[in-house]
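Take a look at these structures.
Two complexes follow with subunit A in common, the first pairing it with subunit B and the second with subunit C.
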Partner chain A sequence: MSFITACCQISEEACAVNGNVIVRKDEQSADSWFKQLYKELALDYPKFYKMDMLAQAGFLASEFIKKAFPELVSSYADDEIALLFANSESSSDTDIRFKESFQKRKSPSPSLFVYTLPNIVLGELAIRNKFYGENMFAVFPKFAPEFFLQYGSVMLATGSKAVLAGWLNILKGKVEVSVFLIEENKADGLPFNKENIIKCVGLADQA
Partner chain B sequence: MESLKEDLKKQIIEQLNLEDLQVSDIDDDSLLFSADGVGLDSIDALELIVLMEKFYGIQVTNPEEGKDAFLTINTMADYIEKNRN
Partner chain C sequence: MTYIGAEEIISPLGQNIQENFLAVCENRSGISLVPKVGFNNEDLHLAKMTSLTAEKKFEFLLVDMLENISVQIDPSVISSTKTLIILSSTKGDLDRDISNPFDPAVGALVKHFNLKNQPIIVSNACISGVLAINAANNFIKAGFYDHIIVIGCDVISDFVLYGFQSLFAVSALPCLPFDKNRSGITLGEGCSAVVVSNTKEIFKNLPLELLSGTSANDANHISGPSRTGEGLYRTIQKTIRQNNISADEIDFISAHGTATIFNDEMEATAFDRLNMANIPLNSMKGYFGHTLGAAGVMETAISMRMMRNNLLIKSLGYSEAGTSKSLNIATENRPSELNTILKTASGFGGCNASLLLRKL
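On to the complex of A and B.
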C-alpha cells in the first residue's frame, strides 16, 4: 500500500508544509515572494535565480519537503524516486515573457527560451537531486486527481519506490503550487487515494 | 571603471532575465560560470556574447578569448576597456 507522507503548498501569500503555514509573504520586502522563500531555505544554489517561476515553484516546494523530512530523499537510490507533475497553464507565463522579449528587444532571449516547455522543471529537480527515475509532466484542462492516482500507481508498480508529485500552476501572478511525496509501505502518512490527493493539492473546488 | 562594472551587472541581470538578483548580489570577482558564483551556463554565454556586441560594440569571435573575458565582472570590464572603440 502507498501513502502520501509529505506535502507542501505555496499560494500567493503563504507556504505550508503538511498543512502548517511556515512562511507568510512579507509585503514590505523588496524581494519577490519566491526570493523570500528561497532565502528562508538558506540554500546556496545560484541556479535558482536563472529558473523561470514554474521551475522555481517546483524547486522551492520540493526543497521545503526535503527540509522538513531530510531522510525522505536520502533513503532512496537515485533511480527509485519518480517525478510526476502536471498543470493546466503549461509554460504560458514564460511563453508570454519570451514573446514579449523578442517583440521588445527585437532579439529572442535564449535564457527565456529554454523554459518555454513545462517539463523543464523536472530537469531542474533531477539535476538538483540527481534523480534518475521515471518522470512525467502532463497538461490538463483542469486539476485531475485521477491522473496522479493512476499514473503514480503505475510508477510504483513498475520499479519506483517513491513518487514526488506536484500540481504547479503559474500565470501572471497566480501561484497554485502543491508538491507531495508518495511512498510505499509507510504507515505514517495519508493513504494514496483520490480524496487525499485532493486534500493535499487543496483544489477540491476544481476536482 | 566602477560605473562600467555597475552597468555591466545591470545589463547582465536584465538581459539574462535574472530579475530576482540585485546588483549588490553579484561581486566583482564572483565566478560567473561557477555554481559557487553566479551559476551561469552555456545558454547565458550566448546572451553575454550578444550583450557585448549590442551594448559595447564588441564582437567576441575567439572562443578562448571569450572564456577568459567572461570569468568575472572584473575580467569582463577589463575586456570591454581594452576592446571598445
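On to the complex of A and C.
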C-alpha cells in the first residue's frame, strides 16, 4: 500500500508544508516571492537564479519537502525516486518571454529557449538531487488527480520505490504549485488515493 | 502480452505509412532547402510539409492521422470507453495560441471522433514519443485501458527554429547523423501514430509485441548531453533487464542520432558501454529531420515496417565514422532478419528513454 508522506503547496501569497503555512509573502520586501522562499531555505545553490519560474517552483517545493524530511534522498537508491509532474500551462510563461526576445528585442535568447519545455524542471530536480530514475511530464486542460493516481501506481509497480509528484502552474504571475511525495509501506502518511491527491494539491474546485 | 501495430506516418515524404516507407526504402529524404526561413532571413534546410499552410495545421494533422488509423483497426475502438489517446508533442499548436498550445486542437479531435476519455499530452522534450508508447504499455498492463492510440505530432515554427539557431545547433547542410562532418540538427515536422492494445484481433494486419520500456535522467545538464551517456546507458540497461533480454538478442537499434556533435558522441559512448557497438544501428533524422515530439513515434513506426519487411534501412547522411567509439551504422539497405529491435531517445532536461519491439 502506498501513502502520500509529504506535500508542499506554494500559492501567490504563502507556502505550506503538510498543510501548515511556514512562510507568508512579505509585500514590503524588495525580493520577489520566489527569492524570499529561496532565502528562507538558506541554501547555497546559485543555479537557482538561472532557472525559469517553473523550474524554480519545482525546486523550492521539493527543497521544502526535503527540509521537513532530511533523510528523504539518502534513504533511496539514486534511481528509485521517480518524477511525475504535470500542469495545464506547459512552459507558456517562458515561451512568451522567449518569443518576446526574438520579436521585440530582435535577439532570440538561448538561455530562455532551453527553458521552453515543461520537463526542464525534472532535469533541474535530477541534477540537484542526483536522481537517475523515471521521468514523466504531462499536460492537461485542468488538474487531473486521476492521472497522478494511475501513473503514480504504475511507477511504483514498475520498479520505482517512491514518486515525487507535482502540479506546477506558472503563467503571467499565477502561482499554483503543489509537490507531494508518494512512498510505499509508510504508515504515517495519507493513503494514496484520489481524495488525498486533491487535498494535497488543494484544487478541489477544479477536480 | 501487449501488442503494437497500425503504425502510420504523415510527413514531407507522404500522407500515409506506405508512401513514407517506400520513400525511405528508396533512401529519399524529406529535407530540402527552404528560402529565407532563418532568423536572419537565411535559407535553411528543413523537412517541411509544403502542403501544410492552414492556420489549424496541427489540428488537421491530428484529425488526418486518426482517420488513417481508423482504417487499420476495428473502427469501433476509437470511440470506445476503454480507449485512450496519448498525444506526444513538445510545442503543439504554439503559433495558434502560445498560452494554450494543446487544448484547441485536442478539443477538436475529441469532438470530431467522439472520444470518451480526455487525451493525455506527454510533453517531455525529444523523448516524448518513446515515453508515450511506454506509458501506453504501462497503462494497459495495469488494466486502466484496453487500447491506447499514441499520436506524436510537432510542426515547424519560427519559435523552435530560431531557438535552435540561437544555440548554434542547426546544420547548414541536411543533417548528417553520426558522421564525422555532422554539425547540428535539421528540423522536421509531421505526425505519426501507433496503436497499443491488449487485443490482437483489433488490428487488420498482424501486430508486433511491445515489451516494457523505461526512462532515466542523466542528472547532469539541462541542455547538454552527458559525456558518459549515463541516462541512456541506464534506461537501456533497465529495459533489457526487465525483459530478460541480452544485447546479443537485439537485431537492430533505432537510435536517436540528432546529428549534433555532442548528442551522437553521447549515444556512441552509451552503446559502447553496453557492449552494443556491433549491433546494426541507424538514425532516421536524415529522412524526416528532427520532428521533436513526433520523432519517437515516427521512428518506432519505421522500425515496425523494417521488421515486417525484414529490411534494414540505411542511415541517410552517414559516410565516415565521427564518434570516439565506433558504431555499426547501416550504410546501405540490406535484407536482414529483424526479430527484436531497440528504440532509444534522448532529450533536453537530461531525459532518455528506450523500448523493445519483438515479432510475434
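Criterion: the second predicted complex is superposed on the first by the 207 of 207 C-alpha atoms of A that agree within 3 Å, B and C clash if a C-alpha of one lies under 4 Å from a C-alpha of the other, contacts with A are read in each partner's own complex, and residues count from 1 in each chain.
Methods note: contacts are C-beta pairs under 8 Å (C-beta built on N, C-alpha and C of every residue); 3 or more make two chains touch, one makes a residue touch a chain.
Not measured: the values here are computed from a predicted model.
J.: With both structures fitted on chain A, tell me whether subunit B or subunit C touches more of subunit A's residues.
T.: Of subunit B and subunit C, C contacts more residues of subunit A.
J.: Look at A:174 in the shared chain and tell me whether it touches subunit B only, subunit C only, both, or neither; answer first, second, both or neither.
T.: neither
J.: Report for A:32: first if it touches subunit B alone, second if subunit C alone, otherwise both or neither.
T.: first
J.: Just checking: does A:109 make contact with subunit B only, subunit C only, both, or neither of them? Give me first, second, both or neither.
T.: Both partners.
J.: Would you check which partner chain A:133 touches, where first means subunit B only, second means subunit C only, and both and neither mean what they say?
T.: In the superposed model, A:133 contacts subunit C only, not subunit B.
J.: For A:159, select first, second, both or neither according to whether it touches subunit B, subunit C, the two together, or no partner.
T.: second
J.: Of the partners subunit B and subunit C, which touch A:96 in the superposed model: first, second, both, neither?
T.: Touch partner of A:96: subunit C, not subunit B.
J.: Between subunit B and subunit C, whom does A:24 touch in the aligned arrangement: first, second, both, or neither?
T.: In the superposition, A:24 touches no partner, neither subunit B nor subunit C.
J.: With the two complexes superposed on chain A, say which partner A:49 touches: subunit B (first), subunit C (second), both, or neither.
T.: So A:49 only meets subunit B here.
J.: Touch check for A:141: first (subunit B), second (subunit C), both, or neither?
T.: After superposition on chain A, A:141 lies in contact with subunit C alone.
J.: Once the two structures are superposed, pull the subunit A residues common to the subunit B and subunit C interfaces.
T.: 109-110, 114
J.: Any idea which subunit B residues touch subunit A in the complex?
T.: Spelled out, the residues of subunit B in touch with subunit A are 15-21, 35-41, 43-44, 46-47, 50, 54.
J.: Within their complex, state which residues of subunit A touch subunit C.
T.: By the definition above, subunit A touches subunit C via 78-79, 83, 89-90, 92, 95-96, 98-99, 102, 108-110, 113-124, 126-127, 129-141, 144, 147, 150-151, 153-154, 157-159, 171.
J.: For a test of understanding, state which residues of subunit A touch subunit B in their complex under the given definition.
T.: Residues in contact with subunit B: 31-32, 34-35, 38, 44-50, 97, 101, 107, 109-112, 114.
J.: If we count contacts the way the header does, which residues on subunit C are in touch with subunit A in the complex?
T.: Result: residues 39, 90-92, 94, 98-103, 106-107, 118, 120-125, 127, 131, 135, 138-139, 142, 144, 158-159, 162-167, 212, 214-223, 230-231, 234, 238, 242, 347-351 of subunit C touch subunit A.
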